[in-house]
Amino acid sequence: MSEINKADNTMPQVMREIFSGGLVRTVISILLGFLVGALFMIGSNKEFIESLGYIFARPGDALGAAFAVVNEGYGALFRGAIYNADAETFEKAIRPLTETLRLGAPLIAAGLGIGLTFRVGLFNIGGTGQLIFGMIFATFVATRLELPFVLHMVVALIAGIVGAALLGAFVGFLKARTGAHEVILTIMMNYIALYFFTFLMRDPALLQETRASGNPKADAAAETALLPKLLGDNYSLHWGLIFALLAVVVFWWLMERSTIGYRLRMVGFNPDAARAAGINVEKTYILAMALSAGFVGVAAANQTLGTAIGVTPSSHANIGFDAITVALLGGSSGPGILLAGLLFGAFKAGAPSMQVFGVSPEVLGIVQGAIVLFIAAPPLIRAIFRLPKPQTTNALEAIRKRIFTRGGGSK
Amino acid sequence: MKLELRGITKRFGAVTANEDIDLVIEPGEIHALLGENGAGKSTLMNVLYGLYTADEGHIEIDGVKQNFSGPGDAMAAGIGMVHQHFMLIPVFTVAENVALGHEPTKALGVIDLAEAKKQVLEISERFGFNIDPDALIEDLPVGAQQRVEIIKALSRDAKILVLDEPTAVLTPQETDELMEIMRQLAKSGTSIVFITHKLREVKAVADRITVIRLGKVVGSAKPDAETSELASLMVGREVMLTVNKKPAALGDVVLEVEHITVLDDRSQKAVNDLSFEVRGGEILALAGVQGNGQTELAEFLLGLRKPLGSKAKVNLNGKEITNKSVREVLESGVGFIPEDRQTDGLVSEFTIAENLMLNSSYKSRFTKGLNINFAARKRIAKELVEQFDVRTPSSETVANKLSGGNQQKVVVARELSREVSLLIASQPTRGVDVGSIEFIHEQIIAERDAGKAVILISSELDEVLALADRIAVMYRGKIVGIVEPNTSREDLGKLMAGVTA
Amino acid sequence: MTTSKETEVKVGYKSPIVMGSIGLLTLVFLGLLGRDGMVAFEISRRTDSLQLPTLDIDSSLLGVLSGLAMFALAGFSFSKAIKNLKTPIWVSIVFGLVGVTALLGWLAAEKSVPIAFIAGTALVLAVPIILGAMAGIMSERVGITNIAIEGQLLTGAFMAAVVSSITGNFLFGIIAAMVTSALLSMILAVFSIKFLAQQIIVGVVLNVLVIGVTNFLYQQWLTEDAENVNFPGTMDIIKIPVLSDIPLLGPVFFENRITVFFAILIVPTIWFVLFKTRLGLRARAVGEHPLAADTVGINVGRTRFWWVTIGGSIAGLGGAALTIGNAGAFGREMSGGFGFIALAVVILGRWNPIYASLAALLFGFSIIMRVWANQVSPGIPTDFITMVPYVVTIIAVVGFVGKSRPPKALAVPYVKG
Amino acid sequence: MKLRNASAAFALMGVSALVLSGCAAAPEAEPTETAAATATEEAAPAIDYLACAVSDEGSWNDKSFNESVYDGLEKAEADLGAQIADAESISAEDFAPNLQAMVDQSCDITFAVGFNLVADANAIAAANPAMSFVTIDGWSEGNANLKPVVYNMAESSYLAGYAAAAYSTTKVVGTYGGLQIPAVTDFMDGFYYGAMAWANENGVPVSVVGWDPMAQTGQFIGDFVPNSGTSKSIAAALINEGADVLFPVGGDQFGASSEAIKEAGIDGVMIGVDKDVALTSPEYAPYILTSAEKRMTNAVYDIIAELSAGGAFDGEAYVGTLANGGTGLSPFYDFDSKLSDEVKARLVEIEAGINSGEINPKS
């Protein structure tokens, strides 16, 4: 045991790193996810089922039907999310891509937030609650304050980030102070935030739109606070994308270049060593939760300021939860989350188009679940495809080792 | 019952922990398995106990080939084991722990607790253990826990009892008691495999000795063999029991500690009203059996634990650091080599370079504003790797790919390359190969010769005797005596048992 | 060095302080500043032939009395804390009941409180949470974190509705719910035990997957052909002779569907198995110290696998309680977070089936409370009433149970050489 | 173009059985041809007119609101040969993208179904001035290309409330809604005042639980999710207050309401909304006293028929009333005998009164 482990020489080192690392596994997971989705589409297709009745007499029908339905489904997804070749003008044809970018933006921002906690050995399952708190703050600024354009928007954006970060910090504080597990705290906070938001939106003196009577709905954001359109009025893509991209850059700098990120990662890998190295682990947890929620707050501002018609309790759009899958798929790295967020944004953008073509977009929920299921179990993928064992320590695997080796409800 | 291990080989990835090991345990004998830390003793015993499956070779009992798929099979075959880390469930009672796995039951699978308690009491009385079957394990002292482990094995009619490093946590007196128990057991026909790296104990109790080094059997001996002969078998060369060092050139008092009391994780007083001081240019060794407050004291000095009461006072170079945070303590000039580098000394997923800046991430030569100064880090890491002879392909290699000794060198390099006036080295050579031990010892001496104060915490008497300028012996959270390094082992042993002269 | 650097020796005064504060709030806001008017607590149901007299009391007086009673309990807790003893759990339970009574009385000033209706509905609504919590306890006691309760419930709800509709037989529906949910749990078990996957992540992912699959099938199939595949109705209500005639207790406990009876029976059964039998001792050993369990010949992997799986089947029945045991049809994502609440309940109940069930009742109660409060006292912010159990959970987790110990090996994969 | 494949998931459950039966012979003729042939016999020849619709948070099969509109679309497809496209919204987030998808399809007309879509419908209409839209239950904020289709729902609900009060034995009637929005509370207002009208006429006190039009407070589920546990709990709470006639205004809540009635063991009924529920969902018929119909199917069909025949689009609001048949009370069917002739006669009078403006259904 005293010798350095010699690398297996059967495969060149570089190849080995690629194959054992996240990339190939991620791609395979995504492909498998689409495959699972395809099976569901085929299995629920009428023509296919009918052709099964005589599959041995004429198997071509079944295959044809299967191919047709998958082609139609994923074809519609492509047309709805990337490029619509049927459109009359090029301008219209690329609109789907802009929608993907628009819908992907909040997923990216929130995904960064969740990914950050993964890196620190925490699990922030409270994206929804933090998003809602960010929306409360952003909505307040956007509807109840009068400020000139740009300044109003920036203040509202900051308010969204601060609002979310406050809730995150509160959870971090409770965890650091009492040792309560953040998973349970954040789940409970999700509900509390949602009901609190609903309460605020039921009272005209608070956030309610005057016309909404007893229905919880907030006033529309002032025009001065809205995120400006990025590509003109023909596209709904707005500045939310720019903020999400900025968030990616900030995240990358924070986690990879800065000493703060270095300490966050240290705590994530080994809190005991961090403690002995003079790091206040409790404060780091608070900081990490606040930063995490801050990123989620960017998504909150996006949701609040990206719509001209005012938010409702359902405007959180489940982004807080989807962000978990985004972070998982993106391997908790900035570029990874960017790509994963765009993929899931494409799913959201393509859903209406799939419906129009008669394919239930709910199948994308299955695809999404299947992808992360394969991601979550690297040994499974390795077993299926006989990939080599990883040489380097992948961040997620290290977390797997670390993060939940702590107890469920106490230190 | 006669136990034979034939050609056992066990590999973990590229590492071979056991290689072609043959071992025969005769009925009723105490067979010592002697070897350094990391020599592969525990792996071998886990293979014997069915926890690991051997890659090659097999086990025979009374000439019959065995095929253990789990500890259950080993137990059924009459093998009992007392692990180094006790296999007891802290929140269960003694009776529940002893019964676990072969519970006496009534109808519906309901546990017959009365019967379980009776069993415990029977064995406990037979050997004079004095154990309350209703006590929770977590409330028992370690010595008692060990006896529960023995009861556990005996209640399963173990014919062969494997004791894995049983004395590591015991005082010399408790150790003597244990040896008496071992003899008694052997007399009643139980074979005992006694795994240890302590020569004195081997010579005192064993009938036969097998020495293991680097996963291989390197020889066997009778207990009347010369100590030095056994030692050289163990480490593979003549051991240097003394390190060449100049006499101490004492400087000013660097660290003053007064009236400190520290609680352990179970809220018991681990350090009890302790006071001492260390001067520049000297090595103060804190000797003692593990678990007498050394760990807590080290953690306290670093700022990880807060003192109890208002009388506590710690001065470093004349400045008070009593209630300072770890970061402040480190920045005021304390170097710290933790006893367990895997948990406290290194982030094994980090590279060597990253580990070298572990406690210098705020404002140091490794940083540039809020950014990490990558260029400087690379340069410093390269220098330190060379200077401290870390055997690695590059300074960007991940720490968990290094051997224990090289990992420890990284920790030492980190601490010694900082500006420190006090070095606290806790078990600095535990689990480290002989070559690295020597290197690390030299580094510690060099620090002392450079005028720094060194606190050495070690449960290895050899190390203490070799390095220390003064030896403070700890017993139950107090220093029971401070003695010169030429004190005899016997006298030190007495002190370690709390017997003050 | 362990992570805990606690220097506290004392039990602490958290419990009495929290209790005292809530008592004060009750005294002031529900009592002194409370509403006037008599409240009638109805013991009989309005449909019962035998009508027992109602218990009448002034709303604000009840608030004052409750506040004082809460002070007394806080004082008792304080006296324990002085002696460095923990507050017994029955004090918390009585405290909760007093608080609930005060709240009911405050809401129903000049109206009446249908106790049997509220308690009975709370129990029915709590059943999925109780059974989900049992799945959580069974899996966490052997060391596997179960975030997938939500998915287990949803699976059960879906299968129970669909299979009951198609076969026209509720028994088949129940069996299908339990079996399918058990299969789902096997994925959690295998991923955790064999692939050593991150347990919380696998749980979250399974939830995502189940939501995806049930949503797809719901939209593609169930809404298209609701009469045939999603119109099971609910199971018959069984009246247990004699017992169901007991005032108050009868209608609440002994006049129910089989799912409720099952929940009432399974809770003590799991408690008994867990703490009194060989199976339970071994399971707990696996959850506390798997290596120790292994060294005495207990198969850790197999134990974990079966406890998680059987727990899953119980949660599947909990899902069935949502559809054929209450609502009568399957709806999109109808488990609506009950799985996560069950998770909270597990911790709130300190991994003890009995306590967890009591905590589940608190949540069931809050749901019906919101509806009922809206009716007797329209215009009050019911959102806050709905929040109560979540806030209680947080208080409990950070205050009362913060130091309670989960199974030591929870979420730690067991790797053998 | 929604897939209507009832047996879809059987494939998932019983693939093995299907494989066994897979030995059957293939159909002789090309299956597509047969399908095409049957199709031509039944349906009108296809015309070049694309009618589209986007639902609110509820499926097209909600036995109520959304389904009514979808039926109109299907009717247009069958009778007129119009092309149709549709998208269901799962959450409020889907409204805008779904509407945009219709724009991308170059729909000739797009129906935005539900009050909740009003803001998005106005936004999309403003962004696409060359295209035509209809908002059902919404309003136009100065968009000439957005036609509001609204209903005076209080009118038929007033009749329903009157009938409910007359039918009730406990003289307690209950109502609850999906969301507290005008499209829902209109129903509840009419129901309340209708019941009160009966009480005043007969001098018998009647209480309406679940909605107070003066205070604007009442019981709401919080969404339009069909038959949730919450829906059932509310129904149960209303029944516990003595209600024996329920008026659930929130899409398909009939399952939840009827379960609550069954469970309470009372002789209760409910009143349907939007469609003639006893007719369209016969499984609930034993519990349906009558329905307050909102005849969107006709309105949708009429609009498509007129436009596809070359009619010009106008942004004028269509208001469905008792008078123009846009709304109305369904027959009592099996319950006909349970209501006295007086009551029935009085209902006719009231309807005339409403039409003439003598009776204000919202007071």
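All chains are identified by letter, namely A, B, C and D, in their written order; residue positions are counted from 1 within each chain.
Definition applied: a contact is a pair of C-beta atoms (placed from the backbone, for glycine too) under 8 Å apart; a residue touches a chain by one contact, two chains touch by 3 or more.
Remember, predicted model here, so these are calculated numbers, not experimental data.
Looking at the partners of chain C and chain D together, the chains they share are A.
Here the chain pair with the top count of touching C-beta pairs is A-C. In this assembly, the C-alpha centroid of chain B lies 76 Å from the C-alpha centroid of chain D.
Taking each chain's centre as the mean of its C-alpha atoms, chain A lies 30 Å from chain C. Centroids of chain B and chain C (each the mean of its C-alpha atoms) stand 46 Å apart. Our note on geometry: chain A versus chain D, Cα centroid distance of 36 Å, whole angstroms. Within chain B, the positions touching two or more other chains are listed as 304, 338, 343-344. Listed for chain A are residues 40, 44, 272, 275-276, 360, each touching two or more other chains. Looking at chain C, one finds that residues 1-2, 4-6, 215, 217, 219-221, 405, 408 touch two or more other chains. Every pair of chains in contact is given here: A-B, A-C, A-D, B-C, C-D.
The part of chain A that touches chain B in the complex is made up of residues 1-6, 257-260, 262-263, 265-266, 269-270, 272-280, 392-393, 395, 398. Residue ranges on chain C touching chain B, taken from their complex, read 1-2, 4-9, 276-279, 281-282, 284-285, 288-289, 291-299, 405, 408, 416-417.
Residues 1-3, 5, 7-12, 15, 18-19, 21-27, 31, 57, 85-88, 91-94, 96-98, 100-102, 104-105, 119-120, 123, 127, 179-182, 185, 216-218, 220 of chain D touch chain A in their complex. Residue ranges of chain B in contact with chain C, taken from their complex: 10, 12, 43, 46, 49, 51-53, 70-73, 75-76, 81, 83, 86-92, 96, 99-103, 105, 108-111, 152, 263, 265, 267, 295, 299, 304-306, 308, 338, 340, 343-344. Against chain C, in their complex, chain D makes its touches with residues 3-9, 12, 59-61, 63, 88, 90, 209-210, 212, 215, 217-219, 225-234, 236-238, 240-242, 255-256, 258-259, 262-266, 283.
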